[in-house]
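The following pair of complexes shares a single chain, chain A, combined with chain B in the former and chain C in the latter.
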Partner chain A sequence: MEQLGNQWERDFCFFASLPALLWQVFFLVVPLAMTVYFGFVSEQTGALTFENYRAVFDGAHFCIIARSVITALLTGLVSLVVAYPVAYFLALRAGRWKGLLLFLAMVPFWTNFLVQIYAWFFMLERKGVINSLLGILGLPPLVTTNSIGAVFLVMVYCYLPFMLMSLYIALERFDERLLEASSDLGATPWQTFLRVTLPLSMPGIRTGLLLVLIPAFGEYAIPALLGGSHYMFVGSLISYYALVARDVGMGAAFTGISGVVLLGVALAIYSFLRLIFGKTRVEGEE
Partner chain B sequence: MKAQWSRSAVMMPLVVVCVYLFLYTPILVMAVFSFNSNPLGYQWQGFTTAWYGELFSSSEVWDALKNSLVVAVASASIAISMATALVLSLKRSILSRAFFAFYANLAVPEIVLAVGLLGLFFFFSISLGITTLIAVHTLLGLGYAIPLIYARFESIDRRFVEASLDLGATRGQTVRYVVFPLLMPALLASALLVFIVSFDDFILSFFCAGGSTQTLPMYIFSMLRADVAPIISALSVVLLVSSSAVILLFSSLQMRKLGGMS
Partner chain C sequence: MRSIRLEGVSKSFHGEEILENLSLTIPSGKFFALLGPSGSGKTTILRLIAGLEQADQGRIFLGDQDITLLPPYERRINTVFQHYALFPHMNVFDNVAYGLKLHGLPAAQIKQKVLRILEVVHLGRHVNKPIQQLSGGQQQRVALARAIVNEPDVILLDEPLAALDLKLRERMLVELIDLQDEFQTTFVYVTHDQSEALTVADQMAIMNYDGEIEQIGTPKQIYEFPTSSFVAHFVGTTNIFEGILRFGDNQARIEIEGLGFFEVAIPQEKKWLCNGCVLLMGLRPEKIEISKNVMEGFANHLEGNVESIVYHGRSTQYNVRVENGLLIQVFEQNEEHFPREEIDYEDTVHLYWQKENVTLLER
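Showing the complex of A and B:
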């Protein structure tokens, strides 16, 4: 197909591919580069300085980054543990319920985040459903919005469908005869799970963790609506610098450092899973 | 071992039921409360559909919906056109590497991108509004559309193309009558996906829309900052019902072997 093109067609092709590439450069590469650059510009003098980056490396900023990393990691792990049996059931055991259950799993996935966050107001508020039920049982109110617990719970709630879908897609391709083969060869169900099912679903686990980890790390709406003012997250601080303090230099430096930390964490998880996955395979082949 | 299997046969459905209860209890409670005549939230007073009436007569909601639809339709069409042009025109050897670059749109946290874009618009004194929103959502859309359309393009049987060229069709005719129809399912699927992603997006809109333009998620956010508002319950139920309808539409497309997505 390519060798048939004449000069005019080659020119046409060159210009047709330009919009997407230019768009990518102008709206992705340039803004990211500018963020890194602005981090070096002093807010007072406009001169180039390391001051902003140095200021980010203090305890308070790193505490916030650490809180976001831990919350994102825990959200990923908890949603993995909760979603795995459901995805397994959907892919291999659901039978005639499969269509309905899959549909029900997809509705939250396709519905606006803010709607899902909003739904939890009714559960978690001081006079909300959970506390009212506890009251009927004669117990004191237990849950409340404006707490780190509420933020974490709703994070898991909102990101669970992402994990569920990635795991389901990986497990759906799974050949069930491998389970029979494994048990015929004398493996206990637990061994079969560890050495056959889990390694084969590893691509789904990896995708799911990254799909949860990246947005959860920078999550803005959930802490803003349910976190109260006590707990700052990366998303809240970035938007504070950009929208409230209007400190471009500090905001850019903090954004840049957070991005690098996230990239590091994502790569670490990715290679860690690779490592385990590789080992399991070798064991299986012995 | 028999015992093990039967134990897991009971346990697993139980876990599944619990997880679905966890997913749906808040949504169902909210749906019930959207018919509550008590405007202050948590005490049930009586049944009313007044909030739905208020929702449909609120000009603020209609304006926000109009903005959301305009941005979603525009960014979906622009992103799909640019993605198709790129996939059809780049040499395959370059394309197979270039399309990876577009995953970056999804891998960069949205808030990082949003702040960078705000800086960009500020630096070049571009005033924020519906145009910047469309530009930004188009960028996000490329991240979904290009990998999807590329995957479909790669799966096209090259012999169709060769046959068409052998039979005397020009390259343009081949693209139009052979390649394009084969790409159609992926184009539809990614257009729908980009539409939904744009329609649901909050962070990028929040930063790049400016003070005078409001999308539906921005409207919801601003209302929630205050407190529970019954009109938002009604709106949420409407949105849930619409997304269910979209999923049914989408899966019926897939059923007919048209879907390019797994």
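Showing the complex of A and C:
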């Protein structure tokens, strides 16, 4: 009887997930495969070629990929460092104000993305709010639009909620009694943080980093609006080739390579985090 | 191996006073049980000793060292928590090695110590297991090993067996006693379960609802010679009678309204006893003989009606209503499969006890 029930349950699960599966195949896997394929097609002759993929690794192009990776990594790290104390406070110390504070922290997130960026545009302009205030105090402008600083600042700002939410969810389940146990066993607060709190918030850190890294790597609106034309990123480059230069092959090749790079970065982070928080195994025991 | 001394310690939470001016000495190298009802502040005492709470007033000493203001991580005291508080991201080995790693011991020494202690608590085969795969009893042992492996001066145990089933609890109690014997560390064991406390303790303290200590002594002293009706009631079961003490020639008797006179033995140390005093007489249910027949050789005798019978397996409890309306509990060992006399509901029975087997308590 139990076997029958399981069989029925398996069948049901299979058919219930079929629509999602088909959706994924037709609208994700197929276009992805096509993109990879287009990367091998020469724009001029229509023949199959490695030329597009080779061109991706040209000096200038490679610099753009590297810049995107570094900016995305920095955005991830900075938002982690900024969001962690906030998430910790919200999840474990805010008490009955938790709901309200969390709501306030998430409000900007619900605002339209472009509106957020434009708001920053007015803040950071040479004659914008921040620099005018600095000017009154007799200080030189700190960050202005059309600079890498502005791009970076606004990227951290826009992706912070993803990090905050992931960390919050992980920390909310954290059992604070473990802090007492750790302290009782002789750990200073800092040691407790490194050995208990941080490893146990690792799922949140991992999710947060991936949620920030992936879109930040392909970001194209922020550099376009706040970086002027000086700073090309992978996202802007793809849109340039696909929409402006009408070189679908190059755009596709770029997309394919950036996908691989992203996967590599994600895997590297994942294994790095595993490595530093690994478990001791005593050999010869089961 | 050092003693713990609390001097005039007070602690309140949110304006509610849990402990007031409490002083207590826990002897070095002993298994000390702190027994009291829920909410009596015994866990607070433990947390104060561990440093997880700060006393509002008073001082706490570990041996001669004043540890009142020392943070938990600087006290050579480890706790076995009621909920174990094992680190879920570590396996058994890493949990137990936690304290040793913090103290920077060489890896080889850590490994040797951890494996040895896991052998002692019968977890040798589970070194690499994740915590989640262990049963409640095994988790409890890991918590114990994690504390003991650091060889602290004192180990605090906060109702460590509360989550285990009866059989396992009985086995763990014996193992705890063995462990304490082997390591000679001071164990402070908090529980609301009197049988646990009586089983493990060399010395025990009984706390009342107000966070005060009612009595300190060996389990035998506490059980046989309670000094207050609270202790008599809380540890085991007791029949309490109120009466007037009357001194006669060579003997003392207590006069109980509606029941008459009963002989009592007067212990030397109870200075407050006086002729004509109103006091309480405690009589343990198992110290009473029950029979349908008249028996010889007992100092005291009562007659009553069996109102209810509760079968406990190894003993049977009879609730007997006596003349003045009091309900008296009597325990009888079930020594035989087929007892000599069958006592049934509504039977008239005789109750007998010796004068040495009562305790006199202040009202």
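One rule holds in what follows: the second predicted complex is superposed on the first by the 258 of 286 C-alpha atoms of A that agree within 3 Å, B and C clash if a C-alpha of one lies under 4 Å from a C-alpha of the other, contacts with A are read in each partner's own complex, and residues count from 1 in each chain.
Criterion: contacts are C-beta pairs under 8 Å (C-beta built on N, C-alpha and C of every residue); 3 or more make two chains touch, one makes a residue touch a chain.
These numbers were taken from a predicted model, which means no experiment stands behind them.
Asker: For chain A, which side has the bigger count of touched residues, chain B or chain C?
Answerer: Tallying touched residues of chain A, the top partner is B.
Asker: After the superposition on A, what does A:Leu200 contact: first (chain B), second (chain C), both or neither?
Answerer: second
Asker: Taking the superposition on A as described, I'd like to know which of chain B and chain C A:Cys158 touches: first, second, both or neither.
Answerer: neither
Asker: With both complexes overlaid on chain A, does A:Glu180 touch chain B (first), chain C (second), both or neither?
Answerer: second
Asker: Under the stated touch criterion, which partner chain does A:Thr188 make contact with: chain B (first), chain C (second), both, or neither?
Answerer: A:Thr188: touches chain B and chain C.
Asker: Answer with first, second, both or neither: which of chain B and chain C does A:Val212 touch in the superposed model?
Answerer: Touch status of A:Val212: no partner.
Asker: Once the shared chain is lined up, is A:Phe277 touching chain B (first), chain C (second), both, or neither of them?
Answerer: second
Asker: When the two structures are overlaid on chain A, which partner does A:Arg93 contact: first (chain B), second (chain C), both, or neither?
Answerer: first
Asker: Once the structures are superposed on A, label A:Ala150 by its partner contacts, choosing first (chain B), second (chain C), both or neither.
Answerer: neither
Asker: If you stack the two complexes on chain A, which partner ends up touching A:Leu171: first (chain B), second (chain C), both, or neither?
Answerer: neither
Asker: Could you pull out which residues of chain A sit against chain B in one structure and against chain C in the other?
Answerer: In chain A, residues 183, 188 are touched by chain B and also by chain C.
Asker: Report the residues of chain A in contact with chain C in the complex, numbered from low to high.
Answerer: Residue list for chain A touching chain C: 175, 177-178, 180-188, 191, 195-196, 199-200, 202, 277, 279-282, 285-286.
Asker: Using the touch definition from the top, list the residues of chain A that touch chain B in their complex.
Answerer: Against chain B, chain A makes touches at 1-2, 4-5, 9, 12-14, 16-17, 19-21, 23-24, 27-28, 30-32, 34-35, 38, 82-83, 85-86, 88-90, 93, 101, 103-108, 110-123, 125, 127-129, 132, 157, 160-161, 169, 183, 188-189, 210, 214-215, 217-218, 220-221, 224-225, 234-235, 238-239, 242-243, 248, 251-252, 255, 258-259, 262.
Asker: Touching residues of chain B toward chain A in the complex: what are they?
Answerer: 1, 4-5, 8, 12-13, 15-16, 19-20, 22-27, 29-30, 33, 41-43, 81-83, 85-86, 88-92, 98, 101-102, 104-105, 107-113, 115-120, 123, 135-136, 138-139, 142, 146, 161-162, 165, 171, 174, 196, 199-200, 202-203, 206-207, 216-217, 220-221, 224-225, 228, 232-233, 236, 239-240, 243-244, 246-248, 251, 262
Asker: What does chain C use to touch chain A in their complex?
Answerer: 50-52, 71-73, 77-79, 81, 83, 85-91, 93-94, 97-99, 102-103, 111, 115, 124-125, 127-128, 146-147, 150
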